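Note that chain A is present in both complexes that follow, paired respectively with chain B and with chain C.
== the complex of A and B ==
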């Protein structure tokens, strides 16, 4: 069942998107109609104006989902399931063409030959101006200048169309001819295909876009794809021809041999000149090397006269235009539904090059989540051997063992058992007690939550619990007592602005790698927020209320409990809400310390392999848990302080 | 209502921009990624601007914290060549379908070490006692690979251990605090700290005997390799020359150490364990079919198999390309 859903995820997405669009339109319509009615009864600024409005929540949610579908290319995959495969074949053509295009104005404004000529001429000038005085002998200086003159001449020879070899002309004409043939083939379209070029059975057996290990199926699955795939292979051959083509007129070959000879001769002279100081020899060597480097960039015949490449440039331009035309409806899909650079072919596979590279499709995220949520670890569920969220049987003995320190048994009289002469072992009472203290007896089991989510939740909840337990009383006392305020104020204000991550290295060495360190880190965050909010709440109590209760005979304790605490409660509960949010934010950092389990741990590991699907799953989990907490807090607020916003 | 419509329009426009960032750029400079605190002979060529001269364009060097970040920057189009990217992040990037290609071997070095706490008295002779122990290891790095390879060589069942994902510096602290029993890490500083309280589970000779080594790669983006093969070739040539010109003189060490941002002594110690294969050696042992590069890639691929994020199907030989060294 799950596999069926996974295989047909694109179809499911197609239905889902329609439903989402319908709900979106309906919510906008309904929302606008309702607000038109309401506008008349409520003035601006009336808090009642923000109550209700669930339809706008629906509208917001559907908007997020639709935007997500769009930018993750989920829309494209749902309604054009074969588009990526076809565009992959087009990408193959572009990939095969890229070495040619990179050398022509069509791809890079200038001919690569032009670039080389300009760049090397400039550097020749620089190096000529840099010729050091008094380093070389006059004869060598003359020779070096001669080499530079010859190098310039070499560039001129390369650039002269009249000198280009007939064979090169013929090969270029060949390349142009092949490109034109290919253009005609593309023009002819799918109908021109021989039956032998129908999609192969291996291609048709590929899993659809986004289902298998390979994101986009590589082999052409449609007739149009087969055409492009075949063209790409021919273009690759043309590319190879073009790349191996060399412009080496006899005059250039002669110049190259001469320059090489000159350089070698000067090098030999420098080496032979033992009378020169080491410094001079080094300076000479470096300069000659620099001259040689420029020469080395010119000795391979990759510079062509500009006008003989014009035809190739034109043929490529025409062909690429034709390929663009042959894409037909794919062009629209590419431009409208695949934000970014479309499908790009890398060495072995096709990838989505756009926002979908880092934003996985909603359906894929759900698929990943269900894979993680699978409690059966043997089947590949969970993450790194721990389930996402499940129930386990917790041995009561473990809890008992946790609370009884082993050392208690050590101080009791008597000794531990030893093995006897016959190789047996009879435990003494101390051995039995030790087993209890270490949780190695059977006291029955209780069900307990388990897994990454629970571990994270547990850490946040415990930290929050202690934060509230200690922070609220302290905050309230700081709000009513001069001693508490002045004594604790500097401490709290000093540590509060420090980002939690800054504590991390200390926490690690103080608490070790267990939960206590992570909880303490979160606790520090929660504690500061709780103190501040409780203090603000307590000190904000209206003095008239306190005076009134005083005159009615209330004791200090009664004032604290019945006047100040209820007054501070709105601030405290807002503080809890903020603390929850910040705790979730700090969790990733806390679980980075020494990761074994937890949602933040999953995120940290996913980051090291740039597994975006996994990263989004963790973001989603954290967002949803935060949302659940917040909804719970809102409910709590409406029960505990129903008067809020009404005074 | 017009306000709402305006808001809607600007939101849509803003979101649309997100999708089409990134621009094409003309090649008047080459961007290279490298590591600080990782001394290599080619830093002399880097400091002396020999790369700039040989490539004929400006070469920008950007330092990175990890090989994973290098691969990210390559995909984003900010980096053309990654020098000394770990084999592990390279293989992971390939498994993610990232368009990069290995064109050379930067550094060959001893596999990272695993240190066992001294008070446990565990050595390679009784390594099976490691089962059930807690191990700190930075996940999905070369240290992770070294850990798994050594445990396999020592016949220790990794699935019985509690693995903790920790950075090398944190791992060394945890070992000293006795929070973990063994730590596997990289980096000279952290290794020295771990060495104070622990001992390597396998010696250099044992690792060599078990054929556990590792190397860093030189990788380039597909786009750069197809469009500017001559620059790739020139880069590798300068690197090769720098390696061959390495004499280990004090002057050379000083230059490299200064560029790497470390002490001369640390550079000396570190480079003593490195080797830099020549282009010919790389071609004959690393880039042949079924050679060292492919072998390590396949092993790494298997090590990281359980991170279940493979976008890549097939063998690695398509992305290991020695043709630029010729």
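== the complex of A and C ==
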């Protein structure tokens, strides 16, 4: 069953996309109809206009999913399953052609030969002007000038069409002829070929696009693909011929030999001149090297006269046009349904992973998520030996031991037991208490959540708990007491504006990379937010309410508890809501810095191995958990403070 | 017995920024006997609310004495109940929880609290609204809750700071009748501050017209309209020539004071 689903994931995606599109259209229709109805009731700006509207939420969600399918090429995969394979074959043609194209003004402005001529001539001028005075002997200076004159001559010889060897002309004509033949072949298409082109059995045996790890099968799986593949092989042969082609007239060979001889002679002279100072020798060496560098770029005969290459240029341009035309519908699929940088990322491998595609496939993400969510670690579930989210049996004694420090037992009266004369040991009450504090007693087990998600969640919740427990009272006192306000304000306002991540290295260094460091970091975040929100809430209490409660006989403590606290509750809960969000963000970043569990840890590992799907899965998990937090808080707020905004 | 005595009461405020001294009240003297209903009128800034806040104990006078019965007033206390312009209700509590707030603070047993709350809700006309959240009530009903919350504590003096200021005319008239009824039934001393001359005349057994700079009692009236209001409709009283005469007199008085302030400024 699972295998069937996995194999047909593209088809399933196709159906899903249709459903999503239908839901999208329906929600737009329904939403617009309802909006028209409600527009009659409410003026613009009335907050009531934001109530309800679940259909727009449906619309938004389907939009997100459709955009995801689109940018992950899910649409292309679902509806044009052979497109990527065919585009790969087209890419092979381009790839095979690329050495020729690199020398022609196709996709660039100049012939490679023109570039070489212009650049080297310019550099010759520069180096000629730079010839240093009083470094070389007069004879050497003369020789160097002579070398530069000869180098210019060499460029001129290369560029003269009259000097080009007959063999080169013949070879070029050959290449042009082959390219024209191939163009005709591409032009002919596949429909009228007898016998018809058939993909090889090896090609057909490939896993379809988007199922296996190979992603796009590389061997041609369609007739059109077979044609492009074959053409690509022929073009590769032509390319090889073209690359071996050299423009080396006898005059050029003579000049090259002469220049090389001169350079070698001057180098030998410099080496032999032991009387010269080290600086002079170095200056001479550098200059000669610069001259030689230019010469080296010219001695391989790769500069051709411009008009000699014109025919090749023409033939390649015509062929590429024909290839583009022969792509037919593939052009549309490529442009519209494969957003990003196209199927061929590196020009050598057909691949849709990496930056060529902006979002990983929804299907792969689901597959990755189900793999992660599998609680059976032996079967490869979980991540790095920890489950994603599951239940484990937690020893109550461990929890008790966590909350009772061992030191508490030490300070109790009495002593620990000692072994008696017969080698026996009778524990005293302190020994038993110590066992309790160290979690070494059996108090039974309770079910407890476990896994990466729970680890992250646990850190946030514990930090939030302490943040609220300590922050709210302090904030409220700061809202009602000049001492508390003025004494604590500078401390909190000094540490709060520092981004939590700036604290992270310090805190993690002090507390270590385990839970306590992260919890403390998050506690700092939550604490500051809770103090500020509780303080705002407390100081915002209407004076008449305070006075009324005084007149009703309430004591200061009662006013704090029964008037100021409930009055600050909306701000406090808003603070909790903000604190959850900020803690969550800080936590993930802290887990990415250090640690061995948690959602941020997963993403950090995924980042280092460039696991696209895994990164995306962790992003989704974080987003969903954040959403759940917020929905929970919203519900809590509406239950706890129904009077909000109505007082 | 439980008379409110105000002797040479003065209050000056010093602005913390420039040290400017404002004489909010100067040499206020009066004695309010138990069960009297005093209304206080005056242009804005004449120190009406300051006077009330001092009697409530929210402010300490700079000079002079305030005594209620045998006790000097030093801080707020349950024997002086307060009703504010905007209810100052605890919107997170239901009506009955608001009303029994004072009792809960004193740890009165639940059964007794319930009895008292039911009684007072019935008196102010809110029977059956005990479990309603206060934010769902109209302005008039909220003021009724505020009255009940104050009365359930059984204070000697009830201080009302423009209690009906935010209500519409009709509700206001009903509430005025309610205040008169409560006054007679409970025999409490009531001080009511108001902006409305009519209201001051209708409710006040005694009436202070206060003047600003420094805040002082400009003129005192002794009126019979309040006792009439118990037998007749308030609207009939307003029609009377005697009523109209005093009203015009006071209006002119306040008008002139306002003119003076504006001219002086």
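Quick note on the criterion: the second predicted complex is superposed on the first by the 576 of 647 C-alpha atoms of A that agree within 3 Å, B and C clash if a C-alpha of one lies under 4 Å from a C-alpha of the other, contacts with A are read in each partner's own complex, and residues count from 1 in each chain.
Operating definition for what follows: contacts are C-beta pairs under 8 Å (C-beta built on N, C-alpha and C of every residue); 3 or more make two chains touch, one makes a residue touch a chain.
Quantities reported herein were computed from a predicted structural model and do not represent experimental measurements.
Visitor: On the A-aligned overlay, A:198 touches which partner chain: chain B = first, chain C = second, or both, or neither?
Guide: In the superposition, A:198 contacts neither chain B nor chain C.
Visitor: Per the contact definition in the header, classify A:163: touching chain B only (first), chain C only (second), both, or neither.
Guide: Neither chain B nor chain C is touched by A:163.
Visitor: Comparing chain C with chain B, which touches more residues belonging to chain A?
Guide: So, of the two partners, B touches more residues of chain A.
Visitor: A:432 in the overlay: touching chain B, chain C, both, or neither? Say first, second, both or neither.
Guide: The answer is neither, since A:432 touches no partner chain.
Visitor: Just chain B (first), just chain C (second), both, or neither: which does A:496 touch?
Guide: Neither partner.
Visitor: What is the contact status of A:596 with respect to chain B (first) and chain C (second): first, second, both, or neither?
Guide: first
Visitor: Now for A:509: first (chain B), second (chain C), both, or neither, which partner does it touch?
Guide: After superposing on A, A:509 lies in contact with chain B but is clear of chain C.
Visitor: Tell me which partner A:99 touches in the superposition: chain B (first), chain C (second), both or neither.
Guide: First partner only, chain B.
Visitor: Along chain C, where are the residues that touch chain A in the complex?
Guide: 53, 56-58, 75-78, 80-82, 84-86, 88, 90-93, 101-102, 104-106, 133-135, 146, 149-150, 153, 155, 159
Visitor: Write out the stretch or stretches of chain A touching chain C in their complex.
Guide: Checking each residue of chain A against chain C gives 542, 544-545, 547-555, 558, 562-563, 566-567, 569, 641-643, 646-647.
Visitor: Where on chain B is chain A touching in the complex?
Guide: 15-16, 18-20, 22, 26-27, 53-54, 56-57, 66, 68, 71-72, 75, 92-93, 95-99, 101, 134, 136, 138-141, 159, 162-166, 170, 173-174, 177, 179-180, 222-223, 226-230, 234, 304, 306-314, 318-319
Visitor: In their shared complex, at which residues does chain A touch chain B?
Guide: 67, 71, 95, 98-99, 102, 107-109, 115-116, 119-120, 123, 212-215, 243, 290, 293-294, 296-297, 302, 339-341, 344, 346-349, 351, 354-355, 357, 371, 380, 384-385, 505, 508-509, 512-514, 593-596, 601, 604-611, 613-614
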